[in-house]
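Note that the chains take the letters A, B, C, D, E and F in the order they are written out, and that residue 1 is the start of every chain.
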Amino acid sequence: MTKKSLLLFFTVLLAIAAGPTFAQDAPAYPAATDASVFVFNTTLFLISGMVVMFMAAGFCMLEVGLVRAKNAATICVKNIALFSIAGIMVWLLGYNLIYGVAEGGFIGKFGIWGADDADWAQTGYAASSDWYFQMVFVATAASIVSGTVAERVKLWPFLIFVAALTGVIYPIQASWEWGGGWLDAKFAFADFAGSTLVHSTGGWAALAGALVIGARDGKYDQTGRVHAMPGSSLPLATLGTFILWLGWFGFNGGSQLALGSIDNAIAVAKIFVNTNMAAAAGVVTALVLTQLLYKKVDLTITLNGAIGGLVSITASPLEPSIGLAVLIGSIGGVIVTLAVPLLDKLKIDDVVGAIPAHLFCGIWGTLVVPLSDKSASLIGQLVGVVSIGVFVFTISFALWYLLKLTTGVRASEPDEQIGLDKAELGMEAYPEFSPA
Amino acid sequence: MTKKSLLLFFTVLLAIAAGPTFAQDAPAYPAATDASVFVFNTTLFLISGMVVMFMAAGFCMLEVGLVRAKNAATICVKNIALFSIAGIMVWLLGYNLIYGVAEGGFIGKFGIWGADDADWAQTGYAASSDWYFQMVFVATAASIVSGTVAERVKLWPFLIFVAALTGVIYPIQASWEWGGGWLDAKFAFADFAGSTLVHSTGGWAALAGALVIGARDGKYDQTGRVHAMPGSSLPLATLGTFILWLGWFGFNGGSQLALGSIDNAIAVAKIFVNTNMAAAAGVVTALVLTQLLYKKVDLTITLNGAIGGLVSITASPLEPSIGLAVLIGSIGGVIVTLAVPLLDKLKIDDVVGAIPAHLFCGIWGTLVVPLSDKSASLIGQLVGVVSIGVFVFTISFALWYLLKLTTGVRASEPDEQIGLDKAELGMEAYPEFSPA
Amino acid sequence: MTKKSLLLFFTVLLAIAAGPTFAQDAPAYPAATDASVFVFNTTLFLISGMVVMFMAAGFCMLEVGLVRAKNAATICVKNIALFSIAGIMVWLLGYNLIYGVAEGGFIGKFGIWGADDADWAQTGYAASSDWYFQMVFVATAASIVSGTVAERVKLWPFLIFVAALTGVIYPIQASWEWGGGWLDAKFAFADFAGSTLVHSTGGWAALAGALVIGARDGKYDQTGRVHAMPGSSLPLATLGTFILWLGWFGFNGGSQLALGSIDNAIAVAKIFVNTNMAAAAGVVTALVLTQLLYKKVDLTITLNGAIGGLVSITASPLEPSIGLAVLIGSIGGVIVTLAVPLLDKLKIDDVVGAIPAHLFCGIWGTLVVPLSDKSASLIGQLVGVVSIGVFVFTISFALWYLLKLTTGVRASEPDEQIGLDKAELGMEAYPEFSPA
Amino acid sequence: MKFVIAIIKPQMLDDVREALTRIGIEGMTASEVKGFGRQKGHVEIYRGAEYNVDFIPKVKLEIALRDELLDLVVEAIAKVAKTGRIGDGKIFVLDLQDVVRIRTGDMGPDAL
Amino acid sequence: MKFVIAIIKPQMLDDVREALTRIGIEGMTASEVKGFGRQKGHVEIYRGAEYNVDFIPKVKLEIALRDELLDLVVEAIAKVAKTGRIGDGKIFVLDLQDVVRIRTGDMGPDAL
Amino acid sequence: MKFVIAIIKPQMLDDVREALTRIGIEGMTASEVKGFGRQKGHVEIYRGAEYNVDFIPKVKLEIALRDELLDLVVEAIAKVAKTGRIGDGKIFVLDLQDVVRIRTGDMGPDAL
């Protein structure tokens, strides 16, 4: 393949993206009964929440496959712990911080959450189902961080960061938009399922961590050369990606927040299709691009391509035509393919490529919203991206820095050399296979 | 961390467990149509059943990760075979033994099951969906056993035991409660989703097996020292735990048995939240405790902590406040952390920690029910725990013993040394990686 | 065990298959509201589609576990790429080829698909949900191919084949039946969920590939001896099988195409049960048969047995009694057990056993339909099996051959020897564990 | 000095190490090897196809020692690693010209 | 007696083993090693970063034998393991002072 | 000629290889081994049970060389592989009687 074929590839993509359009009037749909609507909506949250919960396993497998064997058990501990901590923190603090905010406000209420279904007729779903759905979103943001800072961050400081991220940092910025705070009220910021609120947030927190903690020992040498540190199990990384892809149907589909009417059902179905197509386009693009750039397909970047496509479509998975969804996802694939080596040039060590996939594609996905969603403006989107970016990055950086000064954030050099599994857990992930 | 911090940790937990409470009157909820209710209920069974079915994969991965590589293929055979046998036995015998019992009775009918939907209006769900949901529960109990007796039990005798457990032993005791038998009728025994009926039952059967079969060769030496036999793939064990956690939403949520009304939907949603929080608390507790006790976090015990938390909340996942659910799960985490080495002291060799997680936490979860469910009494709970324990343990012990005398239950010493994979299957799970 | 016990085993099976039957009148079921029906149906497609989508991960894990480590990363690339390509091709071409066919016709329309929900009242589901469900079916057929031709097919030619298969070959033959084309109109061909349309189609395409590409280097020597090439990770293969089993509930259950009424709900529930029982019977049969034939249970054939049972029941998962479903699945288990070594005798190298499980069991499942579905005839079934077989096999063979003449289809001998991972990707799936 | 290479059955490693420690050996190096010998591999069946497992897992021990210890060491290994069944392994004795302990730079017998 | 150490390409193992068996060698020990030599490793790209694969997988064969067989064995290996391409490997010959067969206690050439 | 066997800490491999290349060594063979020595293994806890990790991962290097290079090589390894902490490893020197380069059939020092 040549540069020409690359050009051709994107020309075709663009042509397709324009695609056929179908006139669609809003016919008068009959309604389900109140009770059915309530059950449908609740079910949407619960089932979507379940597959999003399973994304915790997806992140864990992706990360465990991309770290070296000597750090594999530790990344498992981190992933199951962060999901647990997220649940506890969202209950203790997070949920009321998100939804207890005044209209147009900056910060919600501090307080433990409890289910209150008195208002059922107005909300139209079980309070607990919504809590569950929000909680798994918060956990997702934390999962993003663990991948970037893997193989050198100390366990307990990492978990402290997770507690702050899931209990306070994420909730405050999420309240600005999903809680009806200032971003929503004043800027009509549009982020359907969280390209910015979830993925970029995780990405900014990860970036701050990567900067404060520094690169893995031996990753970049004095001469500026980058040393590859191949992941220990690409099959597990692939499994993780498939699980994430699966979970994303819940992530985006559930963000419709209602299922109990014909137009909601149609909307959820459309979201499924666009979500899938963006991921598919991300994969194919990364596949083709790595072949063109390196003469060999790179599986791990292809996996990142799927994630990149998915994150890109997350800010607006309903409005785009399929063709546009393909284009948005495809550019997500381009972003990860180019940004992975770029970060290495900047000596920012992101073990699993979470920053390109979640942060960069999250920004891209958010900025492209106005193309399909006329209620959103580029200005509004920029304000959202920047304000959340500044907020999350600053606080995260400060917190990582504080941890560095107090507990320390980074394993000692010998600990890093023998691997965190032996150093921090005293076990091996694969005691019978591990070399050395 | 010190003992003080341990104390603090539990004090905080207790304080939280008291938590805020929300007054909740029963508003007059509108009803869905009959047909919708029927479809909702059926769907609840089918979807819950699907994720519980997937728990078979979860157990398989957890176990395959915790055995040594030389027994990994065999544990895979056992897991897929036991799930298959459970299906066949529940069809041939089990279901009618559970639900064919007379009110207050001791034993149901013997006979093959067939779907009968004539009574649809009364049951409110498709007969097959209920069968499916019950079947996957039975399989769960069998999965518990395979983990405990792994690495030394012979394949075919194990499968014979599974057939008996899933066709007869489990169904008889389940009929006492879920079939409306004597425990339900006379003692108002409360076991919502099966802390005792499923998990302790599996645990007792496993304990009986462990006693009859004996410990793995070399596990305990003459001087009383315990020899660690590290699991071969902690990432797969972690994946298995995440799958189990996912499945548990179906396990507990589906046990509401109905979804087609506003209060049922609210109940299922609450169950999801409590289930998640108990698991999270189990994880965090095991994490903190192993750090305090051993100065290093133990990943495998942390995984057991998740299961312990989940089993603990299973007897009553709806009634407790979230705070109480956290406390119940947390104590589940304490139980597994302390019971795993305790069993070793007693030279009871439980390869994956199924007895602490399923049996001990099952008992704990059942006994704590009266705290939140005022219809249950400690006496009733004790009667249930003890009667089912005695029944399952005795029969299981007798059956294992009979198998020992006839077919033999235990691989020969050389077979155990070279591993069951080579000895019983003539293959290797990881032919290219396995050392020796 | 002896041959007698084998005989006994099947006699028992047959006796059971006759089983008890339950009279079942069609009571007058009340209906749900239009809107609820619409949402239920759409939800059925979406949830079923999600688990079928997850089958892509199942195939990937099954295949990655059964190839040698040196080809494991490549099989991951193929699986995630084929799923992506299938999505794009079904959108660009496939869907309108399937459903744009005239009644009784031979070929549909060429054109990009877009969701059109104007006719919602007539279809009763969201257009996108149906597209999603069909798309994941097409991907399944492509997944079948990748397993058979693994370890020697070149990446890009394989992906070109996948594009043709998913964009054109599969859609054309599917239109004949599911699109209402000639097979449906003239022969009342019955293939509920695709034993022939999906599984045999994948199988024929795989067979054509295996013939054109040839066997793996060293698989068969001049003296006619077969050389075993053990799979590198049986635990991952087992996980894959469990995932496929899970997905099959969506595959068959969703093929009821409607959920929003009492009889549809009952039907879906029955399908779940039959699907499970056929799989269970396939497993147990393969287990027993390999023990009898080889004196040792073969895990990989047992896994094939599950798939064989599932494929066998797929042509008619609703109509058979449970007993018949067990029998159908059990014969599926016999087929894979016997056909795996048979193919080796014919020097057809099918790395994962996809041809026995998907092609042979697909034929068996299709031909046995008239036994339970009186609207189907053996003639009609034969016409379907043969015409689709001839069509798919011929075109696939021609295409593989064309690729052989142009791009080449097979990795060079040294590339095959060092493994496709190093040769085509320049990476290793397990860089730290792989021997040599 | 001598350099002893012993091929033993894997399960014997712990016992041999203990026996050697008892007679004063303070260092040794072990590795996983595959042995081919009179103990023939066996035939296994995988997916219906037979295959020979020619090479059997063994452990190789390498021990550098002073001449005086040679007989003791050979005897100890020969005794402890013996099961009497085929495949017990071999002990090879080579001449060792020099040794260096990297940490200290010590050379010759003192480095052992 | 001699102790022959041969470093060969992994894919040659089966042929070499057969050739040695044919000339009367009844035992040998194989292990996986990584070789560094004139056959330079190659450069791969992983996630956009280049890395050198310096050490190349090889198989090491260790064969203890009677002096008479030395030439035959060395010739056989040199012939069968040869592809003519760089990286074919080396044969090293060391002196072997003694051998013990653990199972029987036999010593010297009889133990081979 | 000499046959040098060096047991070193795994993390030292790259440095040692570079040092040897610098003094003109063009070939060597590495393998993973487990060492037992003065550097005692440590005790770990797995599921509440203690276990000794007696054998510690090391890398074994085998280098065949001309007599003239022996001192240089031993010195280089001894210097580069030294951390000064226990467990740095050992260098063993054996006599090498003959070498063959399989690709060319060259024998003796020329084959190195």
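Going forward, a contact is a pair of C-beta atoms (placed from the backbone, for glycine too) under 8 Å apart; a residue touches a chain by one contact, two chains touch by 3 or more.
Keep in mind that this is a model prediction, so the values were computed, not measured.
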Please report the minimal path length, in steps, between chain C and chain F on the chain touch graph. 2
Touching chain D and also chain E, the following chains: C, F
If you average the Cα atoms of chain B and of chain D to get two centres, how far apart are those centres in Å? 46
Roughly how far is chain A from chain C, centre to centre by C-alpha average, rounded to an integer in Å? 32
Per the C-alpha centroid definition, the whole-Å distance linking chain C and chain D comes out as 51
At which residue positions does chain B touch at least two other chains? 32-33, 36, 43, 47, 230, 233, 239, 294, 296, 298, 300, 426-427, 430, 433, 435
Going by residue number, chain F touches two or more other chains at 31-32, 44-46, 94-95
Every chain pair in contact, whichever chains are involved: A-B, A-C, A-E, A-F, B-C, B-D, B-F, C-D, C-E, D-E, D-F, E-F
Along chain A, where are the residues that touch chain C in the complex? 16, 19-22, 24-25, 27, 29-33, 36, 40, 43, 47, 51, 68-69, 230-235, 238-239, 241-243, 245-246, 249-250, 253, 259-262, 264-266, 268-270, 272-273, 276-277, 279-281, 283-284, 287, 291, 294, 296-300, 302-303, 306, 321-323, 326, 430, 433-435
Residue positions on chain E within touch of chain C in the complex are 10-11, 32, 44-46, 57, 59
Which chain C residues qualify as touching chain E in the complex? 417, 426-427, 435-436
Chain C to chain A touching residues, read off their complex: 32-36, 38-39, 42-43, 45-47, 49-50, 53-54, 56-57, 60-61, 64, 72-73, 76-77, 79-81, 83-85, 87-88, 91-92, 111-118, 120, 125-129, 131-132, 135, 155-156, 233, 236, 239, 424-433
Residues on chain F engaged by chain D in the complex (per definition of touch): 2, 5-8, 31-38, 54-55, 58, 60, 74, 77-78, 81-95
